[in-house]
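You will see two complexes here that share chain A, one where it goes with chain B and one where it goes with chain C.
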Partner chain A sequence: MEIKEGQTVLDVARDAGIYIPTLCTLDQLPNFGACRLCLVKIEGMRGFPPACSTPATDDMDVITDDEELNNLRRNVVLLLLSEHPNSCIVCDDKELCEKYRTCPMKAGQITGCQLCPNKEDCDLREIVEHLGIEKVDYEFNYKNLNLEREDPFFDRDYNLCILCGRCVRVCEEIREMSVLAFTKRGHETRIDTAFGKSHLETGCRFCGACVDVCPTGALSARGTKWHGKLDSEVKTVCGLCNINCGIVVGVKWGKVVSTVPDPTSYTNGQLCVLGRFCIAPIINHFDRLKYPLVRKDDWLIPVEWEEAIDYAVEGLKKYSPNDIGFVISSDLNNEAAFMMLELARVLGTTNIAVGTPAEGSVVQEALQGGGNALGVTHLYRMSDFTEEKLMKPDEISKLKAIYTTQHLAGIEEAEFLIIQDVFASKTSECASVVLPALSFIETEGSVLSFDGTLRSLNAAVEPYAKARPDWVITNDVLKGFGNENISTLEDVRSAFKDELKKVTLPEMQELFLDGKWLPRILKENKDPQYSYRGTDLTKKVGDLRILKEANQ
Partner chain B sequence: MNEKDVCKEVGQSFKIVSKEAVVPNIYEMVIEAPIIAEKVKPGQFVILIPDEMGERVPFTVSDWDVEKGTVTIFFQELGVSTMKLAKMEVGNTLESLVGPLGKPAEIANFGTVLLGGGCYGIGGIYPIARAMKEAGNRVITVVEARGQYLLYNLDKLKAVSDQLFLTTSDGSTEISGKVHDAVQHLLDKGEKIDRAVFMGCNFMLMMSSEATKSHGIKTKVFLNALMVDGTGMCGCCRCSVGGETKYACVDGPEFDGHEVDWEELFKRSGHYLNDEVLAYQFFNYKGCKQDMDG
Partner chain C sequence: MTEHRNILVCRGTGCVSSKSPLIMEELERQIKAAGLSNEVGVKQTGCHGFCQRGPIVVVEPEGIFYCEVKVEDVAEIVESHIKNGKVVERLLYTDPKSNEHIPHYRDIPFYKNQQRVILRNCGHIDPENIDDYISAGGYSGLKKALDKTQEGVIDEVMKSSLRGRGGAGFPAGKKWKLCRDAKGEPKYLICNADEGDPGAFMDRSILEADPHAVLEGMIIAAYAIGASKGYVYVRAEYPLAIQRLECALQQAEEHGFIGQNILETGLSFEIEIKRGAGAFVCGEETALMASIMGERGMPRPRPPFPAISGVWGKPTNINNVKTLASIPVIMSKGAEWFASIGTEGSTGTAVFALTGNIANSGLVEVPMGTELGKIIFDIGGGVPDGKALKAAQTGGPSGGCIPAEKKNIPVDYESLTSAGSIMGSGGLIVMDEETCMVDIAHYFLSFTQQESCGKCTPCRVGTKRMLEILEKIKGGEGKPGDLEKLEQLAWTVKNGSLCALGGTAPNPVLTTLRYFRDEYLQHIDNTRCPAQVCKGLIRYHINEEKCIGCGICASKCPVEAISGEKKQLHVIDEATCIKCGICFQSCPPKAKAVEKIDIEVIRAED
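And now, the complex of A and B:
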């Protein structure tokens, strides 16, 4: 077998596809040797060295799997199970119970696998099955520690904790926050914050990295943990800030039930509070715009798409180009933004405002400027609109007719207001036409991330209610003006792709040399803006409001 | 005047008098409700709404005190509403509480009665045990849990039972297994059982009923059906018993365990699982009003 410099016995085995059970190892971090499950036999070495902390050398003769080793490992796991609720593992009715109770029972304190949110991807359970444990001879000692759930976003039931230390290490070494630590000693050892403070008090940023690495159900995301086995997982990128971290969307019942970091993405499997905990409650929020609405006798009435588009087109035709303004949200994907600019060009207006522009360093702009700020800016530039002409939101609000793709305070008074948005808002309440758009989770598209790289958005779930992709809606309006050049997403893309591919920011590459770049910039800066298309997300996600209030 | 104010006016504040986690995940809650306390009979239930944004949830009345004007419920935390209840404090008031609902349990002198309780049923079976004892029965009570540390209410049950057996899945008590294993164990020992009554989750009810069926023991179960109004109007708690459609709220909750269509009951119980799970995403959401004000 090939051995690379610095590899341990465990690394070499894994590279060769040989399974050695572990509960405490973590990619990206040095091995820790806490769980004692990776014990192996090495010719010429006394006892059973742990594979994770034994450097591999040439001509080493290693046994990774035999009855003696498995007995040792079994005993290690049995000791863990003597303090980790195990009744579902040894229960005689296990099979029938799983047949009739196909989803976990949504318990507070977890007293068995059937009540555990982590059942489907529990590392401990996997190892129990691998070792064929069906009986626990040690007397069970339930620690009966208090459930910790006064903090927002995640619950902590340390009765399930096996002290692997993954959460402590990821918080300290990758996120560099050191919120969690081992406290007390010996049998009393616990994971806790300093002085047992709440996570809010410690300044925890609720990135959720600890939840992601927990091998048991001890740490769990309160809002998105009870879905059981997922129907599908879709890789895409987050559209809430312009870093566009890689996420994996968990889908069940046709809904977004979880979002977790994509370890293969350029953000190295790290996220912030928004990407980790807030996407599902935003996308599933009941304040989403569902149907096209048209104002009739002062009431907004649900209508078919054709009628809404006609109404919008006929409305715009009544105004001269100088009286019409466009608000392009910097959360729009490239395709949608391009179509808005195209419509402005066809109508012959240069009254364009780009929503919520941010100022500061490149990183601050990326965090505070919207999910596709760079893409929208570049598309604006390449559309022959000059920067001097770019309008401020308050200038736009003076215009008679406005076509906006986000909520924007101050434009409610416009004579004719078209809003194409994801959420109901003050703006949509005052609009003449409301065009429900799909969010970044439900549409194909692309964004230009802050590093100048074009990244794809993949649709994770079916369209929400009657909502449509932004580019399709704007294209339908465009067709109303006799412009029928574009019919597919590929048509839109080919119109700007080459231009956006020319964008390169080589200076950014330096930032990415270090695998921990994202945690570092998040630590040095505020969280990304709690806003999407002009809507304040703290008003949509209760726990985010709590976090914001605690930080004020 | 809203519902809550009307209730206050007639002396029904629904104040939480005590709340205790008796074992992990199971809570005992004593609620001020003098009118209900005066009327309730063993086997009946109440429907409560935890807070302004809450849903209606049914709970078996596990004890009551006419003098103090209180009713006791045991609940297991199993969803957003019970999570809200678990987070409420002594002195808080519930949004509403209606009851007593459902038919009382059938109480008579049957001879030897076996009572089986699991999860919330360990608490809920108590008034039935007490009434059965008072009616002159020999009462054998069996309670089940995953482990010994999850058993509760034992002193009260012991006081009204001739015999009390503890069963656990992890074998940490005298009988290893569940109530249905204990039934078999007793029958093997030659115990003659004239009637069985079970209260617990539907899975436990089904397994226990199967254990008594081949021995021809008349078996009653307290069904757990999804319920909204609890007065026979909405039909949400519809279940099939003996080939007939019944409403668990007004025809039950006590039914013949050998006649219940369990498969249908499980299917119906799982119907809103997606909404139940998605509800967690909006747990701390304060409602549309604040939302649109911004």
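And now, the complex of A and C:
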């Protein structure tokens, strides 16, 4: 067996495909040695050293599995089970239940796996099955702790906690927030915030890292915990700020039900509150724009797409180029932004505004400037625009006809207003035409992240209602002006891809040397802006509003 | 007036609490008033280890040992002894066996049978006076060490075969060498003075009575290892020890023993005192280091050992107070001398805090390998009140119970381990025949259970489950199979735990099961506590024939469970009785009417 410098016995075993049960280890964290399930036998060493923290050497003779070790492991797991709800493990109907799910899923107090939010991927249960435990010889000692639901986003049921310490360590060592701690001593040891305050009071950023590492159902994301086994998972990147963290979208019944960090992403499996908890509620919000609408007799009436596009084209044709303005949201993906610039070019106008540009350091711009700020900037530069040439929002609002891709206060008064957006807003209420667009989670496309890397967006679910991808909508408008050059996503992309690929920001590489760069920049800065295409997300996600108010 | 005299007043924690400072003031005042200040010095010392008989006053050079001295006695001491050379008989130590006065320190059995190496200066020098320490040979070991190379010092310690006195008994020289050879700068040295065993006060006494010995040991160790910074981790509940240590530190600095360029050798070493918050587990070396770094005192897996990666990730050597206090004499008297004391595997002496059902309790130092019985009977004066010895627990709450029939066992690391116990850091609790071994196991285990840091599963949950079984057995609800369950759990906790707290916590249970299994079975099979200790298995009853109707029991009962008219028979209402046993203790000896009865016996009668 080959041993690399610094590898532990556990590392070597895993590389060789040998299973050793563990509960407290975590790839990103230094070993902790608390759960005592990885105990092995090593020739020449006393007792049962833990595989997770014993450095491997070439000449080591290790036994990872024998009757005595299994007995020890079983005894340790039984101790955990003596206090961890376990009725399903000993239930006679276990098999039938697995198959037909006869128990109701949702329950106030969790007594067994069937009622546990984590049952689809419970590390403890896996180990129980591996060790073949079918009976718990102890009287069950329910800790009877209160369910903690006062804080936004996630629930805490420490009756399920096995004190592996992963949450404490991820919060302290990766997020460097130290919100969580071990408190009390002996059998009464608990995980809690310092002085038992609420998470809001302790300055928790609700990044959810603790929830993600919890091997049991003790910490669970409130909005998504009852969906059970997912139908599919899709990797993509978050489009809410220009860091564009890697996420894995959980899909069930054709809907986005969860987003969790993608451990293989350049963001090393970390997210902020937006990416972790807010995407699903935003995407599924009832206030999404569903159908194309046109204004008839002062009413916005649902119409077919052709009619809406015609209405938009005919409307625009009534104005001279100088009277027409475009608002390009910096949350648009590259393809969509490119199409808007292309339309402006074809119409012959230079009246372009870019939504909510941010100022500050590269990192601050990335966090506050929109999900594809850098991409949008490079694209307008390609079209010979500069920051100076762009219009300010108050200039644009003076124009007669406006085509906007986001909500923007002040433009409602335009004579002819086209809005192509995801959410209903003040702007859409006043518009002449409303073109429902898909969000970043439902479309293919690309973004240019703040580090100058082009990243792909993958559609996780089928289009929402009648909404269409931004680039398709704008392209249809363009076609109305007789320009039929573009018909596929590849066509759009080839127009700018090479140019955007040239963008490099070598100084960023230094930032990435630190594996914990994302938590660090999040800690040093405020959370990314709580907005998407001009819409205030705290108005869409109640828990986010609570967090914002607590931090004011 | 002949030669110069010194009156030594003990100002250890024990004697201070019995007002020795007032005695000292009074002595100073009266000596001055008598115009004897030039001939007679009044000096404070640290603990003599016999606090039970404090306050202690010793008159040197004769070595007359006065105990249980009161402020009112001062006049007589000055008048009779100091002025007229007549020893105050009534203040002398009385041997409980022969009932004779023993005037001289050296003749008192408690001291006669000890060999004091680590406690060499305790009670003899003024801990707040560095010159006193130096004139007792202090800091000569340091000078000798500095004349050697660093390797030379380590060699000497290795040759002495000194083993760590903190519990595990790891060879000190070997540990020093590991740290010296480890890569990384700076290196740290820690003196472990956390001493969390209940009833143990060896380390406290040394720090109070002879702080320079510990500092000198630390400086020598620092030199050998190449450490530039030292910590003394001492529990905050030891204010006097901290105060003496601070005082000693300042004096040592003034004398150039600590600080920059020590004794012009170019060696630099500074020491910081860290106050521990008092968790037992903080005495465990990795938890202690976490605590020094401001983290929660939780052990971590080793390797890496502190010698490779300790505080702030740097090579760190950690030793117990007694280990370090042994170093100066090893340097000054030589490794061979030290190794000639004790046994081959365990050299030097062992220090115990002797407590429990023992006539003389206190600090005891004997050569390693001394028979347990010798400590209990010759030094400790045996079990009082004519009761028989049942067992002795060594190693504090995580040690094991050694039964009376094994009283010939030599007290050294190997023998204690093979008996299922440990040397630990030096608690020695003597138990008489009225002790219930199930109760004792429960008592010790409940301490370790509460002090578990809560990190690892076997220790956090396993000890709790063990305790629950013991509680049931004590309450008469034990079931067949419980002992096997207990053994399985003990095995799991012992072998599965992360640190030695969990690793040793089952010892009291395992040893009592090994030596007193029958007593457990009596509880389970016959619902009977042979020692009549377990409350669930006894009841109190007033013997109709013996009761004299004095009413004392009724007046003392905290729950008013006893009724009866004056001069009439009294009766205990069992439904109300909480079995505190106060009636049993307070019934006048001439009546002896309150009886403890096994519940089982009652059942048989019904």
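One rule holds for everything that comes next: the second predicted complex is superposed on the first by the 544 of 552 C-alpha atoms of A that agree within 3 Å, B and C clash if a C-alpha of one lies under 4 Å from a C-alpha of the other, contacts with A are read in each partner's own complex, and residues count from 1 in each chain.
Going forward, contacts are C-beta pairs under 8 Å (C-beta built on N, C-alpha and C of every residue); 3 or more make two chains touch, one makes a residue touch a chain.
What you see is a predicted model; the values in this text were computed from it and never measured.
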### Task
Consider chain A as the common anchor and indicate whether chain B and chain C clash or fit when overlaid.
fit
### Task
For A:G250, decide between first (touching chain B), second (touching chain C), both and neither.
neither
### Message
In the overlaid three-chain picture, which partner chain does A:P436 touch, first (chain B) or second (chain C), both, or neither?
### Response
neither
### Query
If you stack the two complexes on chain A, which partner ends up touching A:N159: first (chain B), second (chain C), both, or neither?
first
### Query
So, A:A280: does it touch chain B (first), chain C (second), both, or neither?
first
### Message
Applying the document's definition of touch, where does A:L115 land relative to chain B and chain C: first, second, both, or neither?
### Response
first
### Task
Return first, second, both or neither, reflecting whether A:P21 touches chain B, chain C, both chains, or no partner chain.
neither
### Query
Who does A:C97 touch here: chain B (first), chain C (second), both, or neither?
first
### Touching partner for A:R545 - first (chain B), second (chain C), both, neither
first
### Summary
Once both structures are overlaid, the C-alpha centre of chain A sees chain B and chain C separated by an angle, to the nearest 10 degrees, of 80
### Query
Touching A:W226 in the superposition: chain B (first), chain C (second), both, neither?
first
### Message
Between chain C and chain B, which one touches more residues of chain A when both complexes sit on the common chain A?
### Response
B
### Message
So if I take every C-alpha atom in chain B and every one in chain C after superposing, what is the smallest distance between them in Å?
### Response
16
### Touch list for chain B against partner chain A, complex
21, 24-25, 76-80, 82-83, 86, 146-147, 149-150, 168-172, 177-178, 181, 202-203, 206-207, 266, 270, 273-274, 276-278, 280-286, 288, 290-292, 294
### Summary
chain A residues touching chain C in their complex are 31-36, 39, 47-48, 50, 52-55, 72, 75-76, 79-80, 82-83, 137-138, 162-163, 165, 181-182, 184-189
### Task
Could you please specify the touching residues of chain A with respect to chain B in the complex?
85-88, 90-93, 96-97, 100-103, 105-112, 115, 136, 139-140, 142, 144, 152, 159, 222-227, 252-253, 255, 257, 280-281, 284-287, 424-426, 429, 536, 539-543, 545-546
#### Entry: Contact set on chain C toward chain A in their complex
279, 296, 298, 300-301, 303, 449-458, 460-465, 485, 488-489, 491-492, 495-498, 503
